[in-house]
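Presented sequentially are two complexes of chain A, the first with chain B as partner and the second with chain C.
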Partner chain A sequence: MAAGVKAAGASQPDATALVDAALAGDRLALARILTAVENRTPLAEAALRRLFPLAGRAHLVGITGPPGSGKSTLVSALIAAVREQGRAVGVIAVDPSSPITGGALLGDRVRMQAYSTDRDVFIRSMAARGHAGGLASTSTAAAAVLDAAGFDLILLETVGTGQSEVEVAAAADTTVVLEAPEMGDEVQAIKAGLLEVADIVVVNKGDRPGAQRTASQLRAMLVAVGRAGAKGAKGAGAGAGAGAGAVRPRPKEPEVLLTTATTGAGIPELLGSLDRHRARGHEASDTPARLARAEAQVWAILADRLRADLHAPAIREATAATMREVAAHELDPFAAADRLLTELRVPDPRR
Partner chain B sequence: MAAGVKAAGASQPDATALVDAALAGDRLALARILTAVENRTPLAEAALRRLFPLAGRAHLVGITGPPGSGKSTLVSALIAAVREQGRAVGVIAVDPSSPITGGALLGDRVRMQAYSTDRDVFIRSMAARGHAGGLASTSTAAAAVLDAAGFDLILLETVGTGQSEVEVAAAADTTVVLEAPEMGDEVQAIKAGLLEVADIVVVNKGDRPGAQRTASQLRAMLVAVGRAGAKGAKGAGAGAGAGAGAVRPRPKEPEVLLTTATTGAGIPELLGSLDRHRARGHEASDTPARLARAEAQVWAILADRLRADLHAPAIREATAATMREVAAHELDPFAAADRLLTELRVPDPRR
Partner chain C sequence: MLLARHNRRDMTDRPLKVLIAKPGLDGHDRGAKVLARGLRDEGFEVVYTGLRQTPDMVVTAALQEDADVVGLSILSGAHMTLVPRVTAKLREAGMTDVLVVVGGIIPDDDVVELKRAGVAETFGPGTTIAEVAEYLRANARPTA
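Right after this comes the complex of A and B.
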């Protein structure tokens, strides 16, 4: 029962109090839980074990696209539109170029600060580096926390140029891929891979020249991607786990919408499209996206526990020595893995 | 001894012949081995086990930076300069915007094709998606193959906006971070994180207005990063493994160089800087970067084997059922991980 990190027992009372406070609407408590999740402290396990059964109701929307496509401005516009409907909205930004994580344009920061007193808007940036597979499991766990805390819509903003980041967005219930008109050849090259994971494609900066033409090009590309047959990276997200959610046929060609996030044009239409996608049977618990998220979380915990075992005092030195032998090319990594598995006393069913 | 994928035995003879051919200079055989490594087929294990002991001599250089900084043009220029010295150079491009992976500018493609008949230049793109931690372990394994095949310098090109991609470049012996002058606010925001992993910073497109100013700004930022104290993400790469290579003090402030890759200006200076960094004691087998690479590989193999175990006929259905329970929020992921660990019959030393 203990966490794979440190003894969780000591922080258990804290966790109970914090979870109760977070569920009662205490945003500071919510923030502390998310910090624990991000840092994988023992508190995180205790809190998540209590919160997880309460989650599973929110609509998780991934928003990804290349830098400069205006993701964070679109997120701001979506927040405003969702708040007008009276719904609570949470944002998890896994994006090094996001103003939320400390980056860019003053205008966006001001827009975000407009919600600093609105208890039904919760914005959180995630660094989540330094852990293979950590981005997916950390952001998924953070989404479960916001979900349990009653946020109805959760936006997962990631930059669409990294493998892990695309997988995070692709594991959402609905994946929105953003593009801007005429982003230049180099950025265009990213599109094909991104389009594979899209449920909805948005051409932002729709007031720029070429926006309509970009939308037409994207529709043509989507037909080509659709013919190629699969929503590849959606399944790829599940690869971290035990293999459910493999490549599946695209149920429906993604819509291509135009928005101008800076003026709000097209945002109501985007919200409508999100709601339709949610309603189209994507709320079932066994969708590939939900299985992929479950697997990402379970696998990350499993890996954490095995790592902790390899660090246990009894074999810590042996593990380090094995790694040094591999680094010196005196031992191949397969033989090293076999040795570590033996040290972990995992019975190998194949032998 | 069997692979964590399928029975490796059947393809063993193929592997021996292929490895012998690759070591004798057969580039098609080399390409087939790299394909196996990329796709994690049983052939990969057999080949890597033979090739790994022969590797460990090459200088592995990570080249990363935001889209538009001119990474692939710089790589082309480096190839030309290295070939003039008579050294063999391998390139592994993990970059969705790279012309090598099918993206962008015709000019660059033509430049790459110039080496299609040069047996001492080997260029390979890596998709490597769909596997948590896969990017690091796959590119590291591919580098070991090229290393064993006698390539003296191996360039690992990644786009510096994704977590996994930055970690791949950061786990090289020498990490070069590329910037272009005045890339705009949004892209500037990426810099701080990238600079943490840099051994050498290159301002490319040095003939553009503002290049000198960008270099000055970067030097100022590097002093600030240096004061903050650590080469964070270098250690982060090691996080995938058993924890060596944690945050370490930066041994020396990174140099900031100007290049104009399109004309070749500054390229000899960059090569000189690479060689100095290599000579500065970074060839030892127990550097944090080499330990991080070893750990990434070992951990990926360990994870593959455990995944295969969870997929074994005896417990495949139980695993899938557990994942469905988590997806339905009927079981928390910690309890699920504990259940799977029991199914794997891993004795938990903490209990």
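Right after this comes the complex of A and C.
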């Protein structure tokens, strides 16, 4: 721990200098901050504390969908369209880490070469490092760094996802779910999970046979059904929640768009749709996505701090002993948690 | 097997980030892909950038990724033109601590020149992935 404290003290001036440089447009300083964030070093905390108040201006867009559905190619097409408008764009592209070796092959840049030397495009690959939700555990913090550095649009590309990796919806203001043509029937479209968190559904590879049909099936199932469900529950307007009691969360009604990312077809329409969604969300800072993101960040830090406290030299052995008792079924996990909280002298609010 | 487990323990704290790039016009990236995959299995985080990179593209990618290692794969014979440009531009960009290695068929005389230009090591045909991994682990200096 002594080493950790010393490192934290020593890194303080470094963080200030790095943050100043990054804010002045030094891209290497920006990259170094992202590395610190990714590795959760003491420097990262110091940097994030300074950068957080400057963030919150960018439009954070999550791009998710199955492997091979064209996420990276779509990101590349979006970069081109956004650069035509003169806006600076940051990309955080996540690929999975090996559960066996911890290594990773980060291949998203291959599709993003066209604008790779443009100063107002910053692309960073991240390995998920065992985090299961489709992003890395530090992706939200990395996005905040790019946000503070002045990038107007930040694209968060997830690992290839299946049906339930919905974390990106909390990390982003607008969530785009990609589908490839002929990936499933109407029943797939009405299953709970990933499609439910979409603000925009994109059927990519629009030049393939069946793309139109896939789009219209999704439209029928997501939009029409969502509307029919909403009609019954209608009373107040748009989720004002004035009435006490059960305000049930309503399904989103995503726009369904057709794109061919390789040719750029449908990309201007997607950009227009993103901008419309941004305009709707930006009026309030307490949109559900923003609150969820705030909560997720604070909870993650709380859990980290708790873990670090429980591994502090003074009580490390007591923690380990408690874990061993649970492993041997001599102590139940609830009693163990209570004991460890007492150990930390956290007053139990239930008592 | 024993080696793999040992490596894995080394890697848990902070995997090294390796950028693999193919500068120039040759279209043979099988070797680069095999190495990328092999280093992944050795516990590295490998960014693969694809074919036909200009020195500027390689340097920008290395900078944005804050790579610990830049591995250049060249089979076209243009290494004496391309590699010194990459190392010079890396220095210009302030990336003085990045480890640059080159893979390909490099004549011995050229190796001396390349090392003078800032290349740490070259790896010719017959090099095993384990050898490359061991070299990178021993010589890369992570920035954070």
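Observations on the structure shown:
Following the convention adopted for this analysis, the second predicted complex is superposed on the first by the 268 of 351 C-alpha atoms of A that agree within 3 Å, B and C clash if a C-alpha of one lies under 4 Å from a C-alpha of the other, contacts with A are read in each partner's own complex, and residues count from 1 in each chain.
The rule is short, and it goes like this: a contact is a pair of C-beta atoms (placed from the backbone, for glycine too) under 8 Å apart; a residue touches a chain by one contact, two chains touch by 3 or more.
Just so it is clear, the structure is predicted and the values come from calculations on it, not from any experiment.
Of the two partner chains placed by the overlay, neither chain B nor chain C lies in contact with A:206. When the two structures are aligned on the shared chain, A:28 is found in touch with chain C, with no touch to chain B.
Once the two complexes are overlaid on the shared chain, A:306 sits against chain B while remaining clear of chain C. Put simply, more of the residues of chain A are touched by B, taking chain B and chain C as the two choices.
When the two complexes are superposed on chain A, the residues of chain A that touch both chain B and chain C are 97-98, 101-105, 129. Touching chain A in their complex are the following residues of chain B: 1-3, 45, 48-49, 52-56, 66-68, 96-97, 101-105, 128-136, 141, 159, 161-167, 184-190, 193, 232-233, 235-237, 239-244, 285-287, 290-291, 293-303, 305-312, 314, 319-320, 322-324, 326-330, 332-338, 340-341, 344-350. Contacts from chain C toward chain A in the complex involve residues 4, 7-8, 11-12, 14-15, 17, 36-37, 39-50, 53-54, 56-57, 60-61, 63-66, 93-95, 143-144. On the chain A side of its complex with chain C, the touching residues are 27-28, 31-32, 34-36, 39, 41, 43, 97-98, 100-107, 109-110, 113, 116-117, 122-125, 127, 129.
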